[in-house]
Amino acid sequence: MGRITLDKVVKRFGDVEVIPPLDLTIEDGEFTVFVGPSGCGKSTLLRLIAGLEDVTDGQIRIDGNDATDIPPAKRGLAMVFQSYALYPHMSVRKNIAFPMRMAGIPEDEQKRRIDAAAKALNLTDYLERRPGQLSGGQRQRVAIGRAIVREPAAFLFDEPLSNLDAALRVGMRMEISELHAKLKTTMIYVTHDQVEAMTMADKIVVLRAGYVEQVGSPLELYRAPRNVFVAGFIGSPKMNLIDGAEAAKHDCKTIGVRPEHIAISDSDGQWTGRVGVSEHLGSDTFFHIHDTGLAETITVRADGEVGFRHGDTVYLTPREDSIHRFDEQGLRIA
Amino acid sequence: MGRITLDKVVKRFGDVEVIPPLDLTIEDGEFTVFVGPSGCGKSTLLRLIAGLEDVTDGQIRIDGNDATDIPPAKRGLAMVFQSYALYPHMSVRKNIAFPMRMAGIPEDEQKRRIDAAAKALNLTDYLERRPGQLSGGQRQRVAIGRAIVREPAAFLFDEPLSNLDAALRVGMRMEISELHAKLKTTMIYVTHDQVEAMTMADKIVVLRAGYVEQVGSPLELYRAPRNVFVAGFIGSPKMNLIDGAEAAKHDCKTIGVRPEHIAISDSDGQWTGRVGVSEHLGSDTFFHIHDTGLAETITVRADGEVGFRHGDTVYLTPREDSIHRFDEQGLRIA
Amino acid sequence: MARAASPRRKAITTLAAWSVGLLIFFPILWTMLTSFKTEATAIADPPVFLFFDWTLENYSVVQERSDYMRFLWNSIIIAGGSTILGIIVAVPAAWAMAFVPGRRTKDILLWMLSTKMLPAVGVLYPMYLIFIQMGLLDTRIGLTIVLMLVNLPIIVWMLYTYFKEIPGEILEAARMDGATLKEEILYVLTPMAIPGIASTLLLNVILAWNEAFWTLNLTAAKAAPLTAFIASYSSPEGLFYAKLSAASTMAIAPILILGWFSQKQLVRGLTFGAVK
Amino acid sequence: ETITIATVNNGDMIRMQGLAEDFTSQNPDIQLEWVTLEENVLRQRVTQDIAANGGQFDVMTIGMYETPIWAAQGWLEPLDNLGDDYDTDDILPAMRAGLSYEDQLYAAPFYGESSMVMYRTDLMEQAGLEMPEAPTWEFIAEAAEAMTDKDNEIYGVCLRGKAGWGENMAFITTVANSFGARWFNEDWEPQLDSPEWAEAVTFYNDLIQNYGPPGASNNGFNENLALFQQGKCGMWIDATVAASFVTNPNDSTVADSVGFALAPDAGKGKRANWLWAWALAVPAGSDATDAAKTFIAWATSKDYLALVAENEGWANVPPGSRTSLYENETYLEEAPFAQMTLDSIQAADPNQPTVDPVPYVGVQYVAIPEWAGIGTSAGQEFSAMVAGQQTPEEALSKAQALVADEMEAAGY
Amino acid sequence: MATQHSRSAARIMMAPAVILLLGWMLVPLAMTLLFSFKQYLPLRGGDLGWVGFENYVRFVSSSAFWPSVQATLVIVGGVLAITICFGVLLAMLLDQPFWGQGIVRILVIAPFFVMPTVSALVWKNMFMDPVNGLFAHLWKFFGADPVVWLSEAPLFSIVLIVSWQWLPFATLILLTAIQSLDSEQLEASEMDGAPPLKRFWFIILPHLSRAITVVLLIQTIFLLSIFAEIFVTTQGSFGTRTLTYLIFQRVLESQNVGLGSAGGVYAIILANIVAIFLMRIVGKNLDA
């Protein structure tokens, strides 16, 4: 009911190849997240799937049928935009009804679906309001409502949370996750926030400059990043990447250790350095350690409250079993 | 050189008292952060100090001298605005030079200071650009540069990072911290992001509706929040607050336990519940536990990767020594 | 975030702003007052300001002489018609320019604007001949078309700037929701741009209403609007100040009232969307 | 049937509009559409329309200047059979001559005028002077000096200064005629560089500068009328039609102390009076020629004069068009200026306007198509002179150049 | 946004406007060009044959030509200078908080609604008339000789009248622009020690530059073709004959269509020189 296949899809804007030939399959019912740095082509890819852009070459199939030349409205997909893209002059009800009105669905059926969606999204009390009278989170819910009523084969989300403030974001994130758990419809979700990617995805697609760097479940990516780029991109704070002599000891070009996998001590350890900025969050403390001779800064996470001061000399020990090794090409060495 | 004292400062807009009589001292060289929910008066307070608003009543002293009626330019303070407030028609160099030009500082001295600031802020390559051609983080640095060259007695920052994206925010946060470590000038920093507050401040001032709820170092606030408001406001994810029978067991109205102070297990524990959404970040996992009978959701943090699934029954145990107790008025019981 | 001004300062500003406002408005006020005077009071030395015997006689004289309502009606039809026609032509064009910009879009826009610089007198004779050929002389439809063409560049430009403010995502959302191009423009774009369209409408009604070259030269009796009405008062009546004032007041009153009632929209329109 | 009538917005025409019900009740199948325009706008509109064959109007109000030119182009319907009771021979011969082309009448005069001196008898008396029937320019200058009292805003003489071929150029041309100057010699060479022109223009300029009201360079007929009615002018040399306005006590503060005299001369055998008629004509392109002629016959008939007299009094009857009017005792009695008007009209000869012979017709204009352009541009130079921006010599030499230019462009 | 489908739709949607304007521009323009190479005198029978560039030469070599270009530039420049200077000042004043902002705004905007003909008539007769005008009364009241505005200061008078009509436009655009100035920028400059005058010069004025260009462009378009104001007041005398008015005289008063058409072509060229110059500036600003 919602299997999307991209077959050698290419997209060029003028002379610029934004998406080089790309193959990708999104299984029915999967929650797939596209992540990657800004400008890597996440939105473009999503819009190609939606039909809002023409593919330059290749084929897009939805449930096995060629959809490449089908106009967006006919693909049976629903999209939730970053700016919500609500119709400001229509009430919430009208907004949600719009796609059904366009499809010529009978009034009473429309009403039934609107009521169901409103109930599911906690919007029942706001149906007569205009989008302008809603908070950011509520608007986002209306946008989702508008998508739901079409009963699409798949949902496409383009950074739907990036306009919300931090607290709301966490809430909406969970709501979307719950929605997926309930509807079990295919969802494709674009974000550049890796926390979102990690917490929501069944499958993450990491993109860089239009290329797929790695596809896998969040924990696969965390545990076994295929290359230096993915290693640095997934995980917060970033993995420490160390070149040179220390890496050579491990028979590779680069080694990577996550901040949470380094123990810090005032007495002894494998590496030494001086404490720079330390960030105390109460629950954790992040130390930025300078002058280790390994990399400009090594970030270390300590649980709870640990009392090193700016300038203290400290000793660091990486957990051996959590060291990632990469070769000259930056590829993981298993 | 930069001790700022507020003495019974009151600010009313028309009939609305935004700041009730407020006393506060900011010591020389201190990094003070004002936090609080939106509209609580953080910006107003900062603008009173800057002289951009007149105080309705009370006195502001800078280094012991009454500054209440001194115009902003003469107070020797520099301000960095949320929107950066760069002059769009001037090059970066001209922007930074502007305050010195206004003060009639000789050209060569201007040049010296600009070069020094540009170097410190990594702006040397951009001096001839217009602000419109810079990225968010670079603009922010220009705004800081413009503040630095005045060699002010204190810096005032009004949510300087809120227009930046998450990744940049982390970087700029550290840059400002390092700047403070280097310059040792008094800094007052307004934010509503509590991570910023926790990681940057020497001293945090928690405001609510114009009242000072608590003043103290980040860890004081984390460990001993003076009341329920501060307890809920400081720490991420939020402290779990539990009323009712469970609280009564501890002889108080409300108890609070931080997510990181609850152990989770599949076999036994003090409380039981069912796993709702779980968020896997790789380094940590957050579980949202429902049906505990204590509060709607109890958030629990587990280190690393822990494998509970949606719907599993789990057992929770709070760390006894980390339970916070609050009375009827919401005040902490020591 | 603007700081509250001190009452003293506010008082001074108030005084200054009102003085300037009244000074600018004074010619209109004076005309209106004079229209209620007798001819003798109108040229009295020293001039009388408010305390005179108010009379409506001038209005009845003017009305008797020329059938005001007919001119008014023509003005309304021509100004309104040309604007609406213009908007119908301009909306699709502005949609295309704003949402499907091509390499030459901006050039086309500027070219359109440059057609406004054609000096009307230079092409009057050809236009006259064309109008004779097509039997459009002294017809409302002919004038409506000409004024539509005269104002079309401005309409396109204004709509373009308004449309550009509308995020393309909303139109894409409509497309995803299954709207055809027509439905997209009709149900989503147009209603969203209502404030912009309203101000475009208003500004162009004013421009068309006050257009005094084509309206005068291409009409005689049947289609003559208020500009022709006032042309019959311009000389001998120059010395009958009161009657001149009455006629002037009658010519400008409708648009003045329209403008005042809708000044919020209009101010937006006047800025040509060029300044946010 | 509907006929569209283009008229000028002066008092007599407006009065006609008011009385038009009389016509429509006689001719219920004819509707009238009025296009009333200010003189300049009217000229421009009708010229444009007739030249391009626009056919917007069925009846046009035109002057003595346009009639022969347009008739020569075949643009006007000849006005022959205007009905049995329309007494064509009753039209004043001077008018009839001016409105005919090759002895065929092409426009029917609605009213006719010449120019004359209007003066304030009371001020004249105060000054101890007496106005002769036929004054000389010399006397006018003397009287103007005597009457001028600028402190009390009384100016000796009000003259046209506003630019336009129908405004200041009409007046200046008559002055020039009386000083023996002419626009063109027999070979169509402009003559503005002649000593006669210099004399005439210098005289005019001195008069207006020394004894005229301020801002005379913007004063046309209407402005001067108002000044005179307000008692600010000692003398006013202008159209004879003004007589009924300045003697009308409703509008004029000096109605009972106005005297009239023939336009002045300089002893060279020509007086400085003009000849003009506003007449009604039917353009050749009209699709309602018969109805239009019916209307013209009504508007310029003897009956119309009687109709006005009945409604508004004899003093307000449009003057200068019909001989019979000046044989009407009641009129002569009620209009003290009537005889003087008739005399003035008869004193003008459009076919021999100047002392020296000229190739053109027209007293205060030159009946060639280029005249409107020439008159207007030259008028602007003289108006600038009156405003003190240039000397008479400069104005004349510029005007001479302009005229030469224009004539060359027209192919003379 | 840009699929093949929407691009071809866009072309169709633009077509009516483009075709109409192209026709509006090209047909009369072509006829004007045609006439300009002819001896065309309607009162002498119309088309009298080709004359090559004679009309063009005659038009420029006429003694009225350069003064008319000069008058055009003086009027356009004068009105622009006045409306922009006073517009900026007025906008700054109206931007301050005061009582009755709405009403004052209505008062200030009003002249924009007045037909050019009416405004010229009112100014000429009721204000500038040297005997009965209000100014004359005012001057006499102060014991001065009334000024004969339209002949002693003709260009100034016309500039005054036209400026009065266009001041509201300039003011409103500039006011909107001032209101869009980020108040934090002003505060930053205040913190930076800039006194009010310098704040105006260094911050406000540069911020207004874009709005000023818009005013320049739009007003120039309309001012280059002002006609009614001159027709009603001076009829082109006393050096107020603009290029537009000169063409009017050639075409309608002298009925020399060929000559006038040549003048029209010159005017089009002049307008386009000005236009290209302005478009360059505005075109850049359109993106920003």
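Lettered A, B, C, D and E in written order, each chain numbered from 1.
Just so it is clear, contacts are C-beta pairs under 8 Å (C-beta built on N, C-alpha and C of every residue); 3 or more make two chains touch, one makes a residue touch a chain.
What you are looking at is a predicted structure, and each value in this text was computed from that prediction instead of being measured.
J.: Rotation angle, subunit A onto subunit B: superpose the C-alpha atoms of these two copies and give the value as a multiple of 5 degrees.
T.: Value: 175 degrees, nearest 5.
J.: Looking at every pair of chains, which has the largest contact count?
T.: C-E
J.: Averaging only over C-alpha atoms, locate the centres of subunit B and subunit C and give their separation in whole Å.
T.: Each chain reduced to its C-alpha mean, subunit B and subunit C end up 53 Å apart.
J.: Where the centres are mean C-alpha positions, what is the separation of subunit B from subunit D, in Å?
T.: Distance between chain centres: 89 Å.
J.: How far is the middle of subunit C from the middle of subunit E, if each middle is the mean of its Cα atoms, in Å?
T.: Each chain's C-alpha centroid was found; their separation is 16 Å.
J.: Touching two or more other chains, which residues of subunit D qualify?
T.: 40, 48, 52, 226, 230
J.: Give me the residue numbers in subunit E that touch at least two other chains, ranges are fine.
T.: Expected reply: 1-2, 132, 184, 187, 252.
J.: Find every residue in subunit A that makes contact with two or more other chains and list them.
T.: Correct list: 52, 71.
J.: What residues of subunit B sit close enough to touch subunit A in their complex?
T.: Residues in contact with subunit A: 165-166, 170, 174, 177-178, 181, 193, 195, 198-199, 218-219, 222-223, 234-237, 258-260, 277, 279-284, 288, 301, 303-305, 310.
J.: Could you list, by residue number, the parts of subunit C that touch subunit E in their complex?
T.: Residues 1-2, 4-5, 9-10, 13-14, 16-18, 20-22, 24-25, 27-28, 30-31, 34, 43, 45-47, 89-90, 92-93, 95-97, 99-100, 102, 106, 108-110, 112-127, 129-130, 149, 152-153, 156, 168, 171-172, 181, 206, 209-210, 212-213, 226-227, 230-231, 233-234, 238-239, 241, 244-245, 248, 251-252, 255-256, 259-260, 263, 266-268, 270-272, 274-276 of subunit C touch subunit E in their complex.
J.: Could you please specify the touching residues of subunit B with respect to subunit E in the complex?
T.: Its residues touching subunit E are 50, 52, 71-74, 77-79, 81-83, 85-90, 98-99, 102-103, 146, 150.
J.: Any idea which subunit D residues touch subunit C in the complex?
T.: 4, 6, 9-11, 14, 17-18, 33-41, 45, 48-49, 52-57, 220, 222-223, 225-226, 230
J.: Quick one: which bits of subunit C touch subunit A in the complex? Just the residue numbers, please.
T.: 167, 169-170, 172-180, 183, 187-188, 191-192, 194
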